[in-house]
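In what follows, subunit A forms one complex with subunit B and a second complex with subunit C.
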Partner chain A sequence: MLAFNQKAEEVKQKKRIRDFIKNYGNVVIFLFIWLAGMIFVKNFATLSNNLGILSQAAIPAISCLGMTFVLMTGGIDLSVGYTLGFCSYMFGLFAYKMGIPVIAALLLTMVIGALCGLLNGLLVQIVKIPAFIVTLGTGYIIFGIAQIISNGSAITNLSDSILAIGRAQFLGLPSMVYIAIVVVIVAWFILHKSTFGRSLTSVGLNVAASKLSGIKTGFVTVGAYVICGICSSLAAVLMAARVNNCVPTMGGSEFTFRVITAAILGGASLSGGVGTAWGSVLGVLTIYSIENCLGLLGVNYYMYTALLSIIILIAIIFENLKNRILQ
Partner chain B sequence: MKNIKFKKKYLFVIAVLAVFVIAGSFIPGYFTFANIMNVTRQSSTTAICALAMTLVLIIKGIDLGTGGVMAFCAMIGGTLMLSGVPVFPAILIGLAVGLLVGILNGILISKIKIPAFIATYVTGQITLGLALVIGQGRSISGMPASYQAIGNNLILGIPINTYIMLIFLIITSVILKYTRMGKHIYGLGGNEKTLQMEGVNVDRVKIFAFALCGLYAALAGILLSAQMNTVHPTQGSTYQLDAVAASVIGGVSMLGGEGKAWMSVFGALIIGFLRNALDMLGIHPYYQNLAIGTAIIIVVGISVYNRNKELETAKVF
Partner chain C sequence: MGKTILKMKDITKYIFDEYGKAIRNSSVKILDQVNFDLQEGEVHVIVGENGAGKSTLMKVLGGIIPADEGTVTLHDEIYTVKGPKEAREKGIAFIHQELNLCLNLDIAHNIFLGREPVKNGLVDHKKIYKKSREYLDSFGYGDIDPRTMIRDLSTARQQVVEIVKAMSYRSKIIIMDEPTASLTKKEIDHLFTLIKQLKSEGISIIYISHRFDELMEIGDRITVLRDGKSITTMSMEHFDYDQIVKLMVGRMIENMFQCNHQVSDEEILKVEGLQISPRTDPMDLTVKKGEIVGLGGLVGSGRSELAKSIFGAHPVYSGRIYYKGKEYTNPSPVQSIETGIAYLSEDRKYDGLITDKVIKENITLASLPQLFKSHIINTKMERQVAAAGIRELNVICRSMDQLVSTLSGGNQQKVLFSKWLTSKPDLLILDEPTRGIDVNAKAEIYQIIDNIAKNGVAVLMISSELPELIGMSDRIYVMRKGSISLEITQKELMTQETILQNTLG
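The block that comes next holds the complex of A and B.
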């Protein structure tokens, strides 16, 4: 009897450790990077540097939350970078060239982002083409349209009232950080507290079973892509304000790559059904902490891409091995 | 049933040829021997990438890192040449590096079970980053004249690139059609479990396909840089989409198990002649991205639709 109890205790202990790794692996990675930075990198732990990381991470975090919705359905969106470039140019066109009030221009841009997402979602859901092929194709289509509309030019020197949307300072942080925080809260609520979020998890885990239990799987899948598009367009507006430049080549595949890896580092699964809002934010912060450390260490600028992707590869391998051990 | 399938397959080829002839008769200078040879020279890079893509598409994989490998291997070859290594060994080292990246992809996909498009995407970014590091973000040039000759000289009036494309088309066809590995590649795309039960080492087949894919990508990168006589770190960035597009337009299924080597070369030539026609008509390159993206979605959409319909009919009977 005693042996049995001991065994049960052991199993429980193991389960507890497993659950911990499963739920908080992303926290461990982030703390590890952050502590390593604090100990080994000079000037990393200063307040101003960390506030800097926060404002750098704000825009990708918004896109990453959108990506989390799509990953939850078991899909992927490789077009976010191009949607970002397209939307940033359209925002410049609306707000600067046409002189539409900033808020109206923002809303119009978000409608365009939603349409891009709707296109992806409909192709994935109705035509049933694998998500990464659809979004690879639409990425180029969106980029092509953006290039045709912009004719290869950029819109720069935006007026101060337009720039204020991302740059207005409040308590030492630019407004985009506060916008990002609002988006995080909204995304957290939708993902974890609403029926839509629960349907999303269910669709990601098992489409057939969800359908049988009365979930409108089509609506949920398309909705996830639309949300992703809206997030990308919001990120585009803030990015345009941040760099004072609206140009179709702004996001590209590199931005997409960062957003996806941040979501994976944050604990979202590529096979769907798993993902949290706070985890994705943590993933973005991890990536930007790494980049910040490399910058402070004076690593050659061209080493960034290579080093970052090697670290990401290690993280993905770790993630996969972890999942296999847990199973 | 077989007859219908046969017709469907060749109807497409005939339609393309018809469009080609009509387009050609409207554009002056399109059907000259020099122009046709020029297009085959330009298409050879895409065609070799597409051959690589076909190998992995058949096993239900994909390679989204072609661009990085193309730049990285050409960059290594070029840097070695600039530091005095003879042309031929430098090219061989470049190809060997491509093979190694391919093997790494294969191991990540088969042993660690990372989805192919993520694994190749990440290794593509790593190789792109390394190409940037080697070139310090700039392109390198000034390779020996014999290197440049590979990309630009003619033998019997036909570019060397075109010969290389045809040689690799034949090699790939032979591997796919007449070797045991080729049969395993099709088997893996059709039904992995069955193949495994037959006692085939599935992981080895996957690693083989991706290794060959890396080797071909490296070759394409080296040919491209020989043609331009410069290596630019982002020289390959448009090629991964073109390679997917060429294979898919040529008739390789994205759902695995189907596809032949000639299809990818055929697809690459379609894209090459289309781009050439658009250029000669003075249509801006911006429209070409749009056209190719749309073409991929339409062609894949039709093939997925047909596959689903076939499955439904199979259920009824």
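The block that comes next holds the complex of A and C.
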């Protein structure tokens, strides 16, 4: 009997560790990196440096939240980087070249982002092609269209009113950080408090059961891609304001992979159904903390891509291990 | 008759959890001390209902799954195998209902698949064809060219190839799982000639079939399995149809089924001339308010397809569905749930529950638009709804925030019931509502179903378990080959024998 109790206690202990890894694995990774930076990296621990990380993370965080919606359905969107480049140029076209008021231009750009997402979603849902193939293809199509429209040129020297969207300072942080915080709250609400978010996780975990339970699985899936497109377009506008440049080559595949890595580091699962808004934000902060550390340590710029890729791999291995442990 | 070459003694197989670990303390067992023996050169027939344990017993013999307890003796030696390949090497060949041939290879290469003769480090194709020719000839199939592609052969011919392949391993025992299921009369005769030839060569055959007429013709002895137990083994000379059917179905547990519900006159569902596919006959069906209508038949007779057609998860080929007096056109799950039709699916893990979600989210899953009209989840209300569902159906759990996957089968089933009851249905379609749960949970589920009908819900219940079908139903439809073959309206006429006669054949 005693042995039995001991065993039960062991099982409970194991379960507690499992639950901890499942629920707080992303927090542990972030704290580990951040504390390591605080202790071992010179100049990391300053307030201005940490605020800098926040500013850098703001734009990718918005894209990453959009990606989280798509990952929740069990899909993936490899076109976000190209959507971002395309939307940034379109925004420049609207606001600068055509002289449309900034807010109207912003909304128009978001409509274009939504259309890009709609294209992805419809192809995935109706034609039933695996998401990574669809979005890889549409990504290049979007990039191609952007190249045609821009004719390879960039729009620079934006007016102050445009630049203010992302740059206006408040309490030591640029406005894009506050915009990102609003997006985080909205995304959190939709993901965790709305029936749409509930449907999203259900579809990601079990499409067949969701369908029989009367969930409009097609609508939910397409909706996730549209949200992802809108997030990318908002990120595009902020990015354009940040670097004072509207060019199709902004973003690209590197941005896409960074966003996906962040979402996975934040606890989202590539197989769908799992993920949180706060987790994805943590994932982005983790990546930018690493990047910041590497910068402060004076790591060669050309080493950077290789290192980031290694981190992507480690993130995916960890994700795999996590799933295996949970089983 | 020859000497006994195979003896299976006290074979027990427990039900297992999702990781394949045996659950020993459960009252349900897949196989429960089954005894079986086989003599040289005999055809030994195994019969039993769906789920009686026939396939599992054969899988144990074929090395596909291990038994938890019991011994198997082959040629007076203890027989233990780790896989189908080893079983085949020891002379036991398993011919599955779905044939295991590579369609894109020819006959000869299928026969030698995985053991191709080698010459100078290369596959010796010449020898493969020569040997295959010999094998085919020895069974009198001189007309079959070993170079023919499997996909160009009829099912009957593919079966011949399987048998020839089994013989090429010098198998002493051949297991045939429903070999005649997709054969014509002429092809069956051919198969029987072949079986008789094998018998005369001293090969023993274990023959599983639902077709009683052919058992008489081919079998030497018959073993009846029921609920994982071997009920009897007898010589075919004493074969008596009625007696075998009685042994297959066993006795009923009368007091498990309580019937407190009252059938009203109001027709909730009426189906007219419905076809589930272009090749099946049209069928009519009605379900009244407060009535439990049983839908019997073999697995694959089209019961689930009929249910799903009404619910909108399977296309309706032709015919009309009337729901509450109005024609229900273009059914879809979304619309069905809105208007009060619920479908509790057969496989709770596949399309019933989201097992990686917590109990409360599963309970509200089918009712999200009804419960939360503003599209925002009211956490407090959700907890109340879930708590009510858990209390009503007596789901045993630590909390409503527990993952469904951590519950027992019976409790998972109750969560599934709770999910559909939360959607407040007027017509509830149940597909195998007690599949894979233990006896006590079954009794609870029967009471739940009775209560549902008592509250005025029309219930259409699919079941393969005849006692349950007869015990619960006010009326029974029996399905065969995609259409309804019989309607039984009087309780006295509902016997397992009548139902079986109309499902088989």
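Quick notes on this one:
The working rule: the second predicted complex is superposed on the first by the 321 of 327 C-alpha atoms of A that agree within 3 Å, B and C clash if a C-alpha of one lies under 4 Å from a C-alpha of the other, contacts with A are read in each partner's own complex, and residues count from 1 in each chain.
In the analysis below, a residue touches a chain if its C-beta (ideal position, glycine included) is under 8 Å from a C-beta of that chain, and two chains touch if they have at least 3 such contacts.
Remember, predicted model here, so these are calculated numbers, not experimental data.
Annotation: superposed three-chain arrangement on subunit A; subunit B versus subunit C shows no clash, the two fitting side by side.
Greater residue coverage of subunit A by touch, when subunit B is weighed against subunit C, goes to B. Contact with neither subunit B nor subunit C is seen for A:227 once the two complexes are overlaid on the shared chain. In the overlay built on the shared chain, the residue A:124 is in contact with neither subunit B nor subunit C. Of note, the Cα-centre angle with subunit A at its vertex and subunit B and subunit C at its ends comes out at 70 degrees, rounded to the nearest 10.
By the touch criterion defined above, A:321 lies against subunit B but remains apart from subunit C after alignment on the C-alpha atoms of chain A.
By the touch criterion stated above, A:133 is placed in contact with subunit B alone, subunit C being left untouched. By the document's definition of touching, of the two partners only subunit C reaches A:273; subunit B does not. Residue contacts after overlaying the shared chain place A:194 against subunit C, while subunit B stays out of touching range. Look at A:141: by the touch rule set out above, it reaches subunit B but stays clear of subunit C. Touch criterion met: A:211 reaches subunit C, while subunit B stays clear of it. With chain A used as the common frame, subunit B approaches subunit C to a shortest CA-CA distance of 7 Å.
The touching residues of subunit B, counted against subunit A in their complex, run 62, 64, 108, 112-115, 117-119, 121-123, 125-126, 128-130, 132-133, 136-137, 237, 241, 244, 254, 284, 286-294, 296-297, 300-301, 304-305, 308. Note for the complex: subunit A touches subunit B at residues 76, 123, 127-130, 132-134, 136-141, 143-145, 147-148, 151-152, 253-254, 257, 260-261, 270, 300-310, 312-313, 316-317, 320-321, 324. Interface of subunit A with subunit C (complex): residues 193-196, 198-199, 201-202, 205-206, 208-216, 273, 327.
Residues 19, 311, 313, 333-334, 336-338, 343, 345, 350-357, 361, 365-366, 368-369, 372, 375-377, 419, 423 of subunit C are the ones that touch subunit A when the two sit in their complex.
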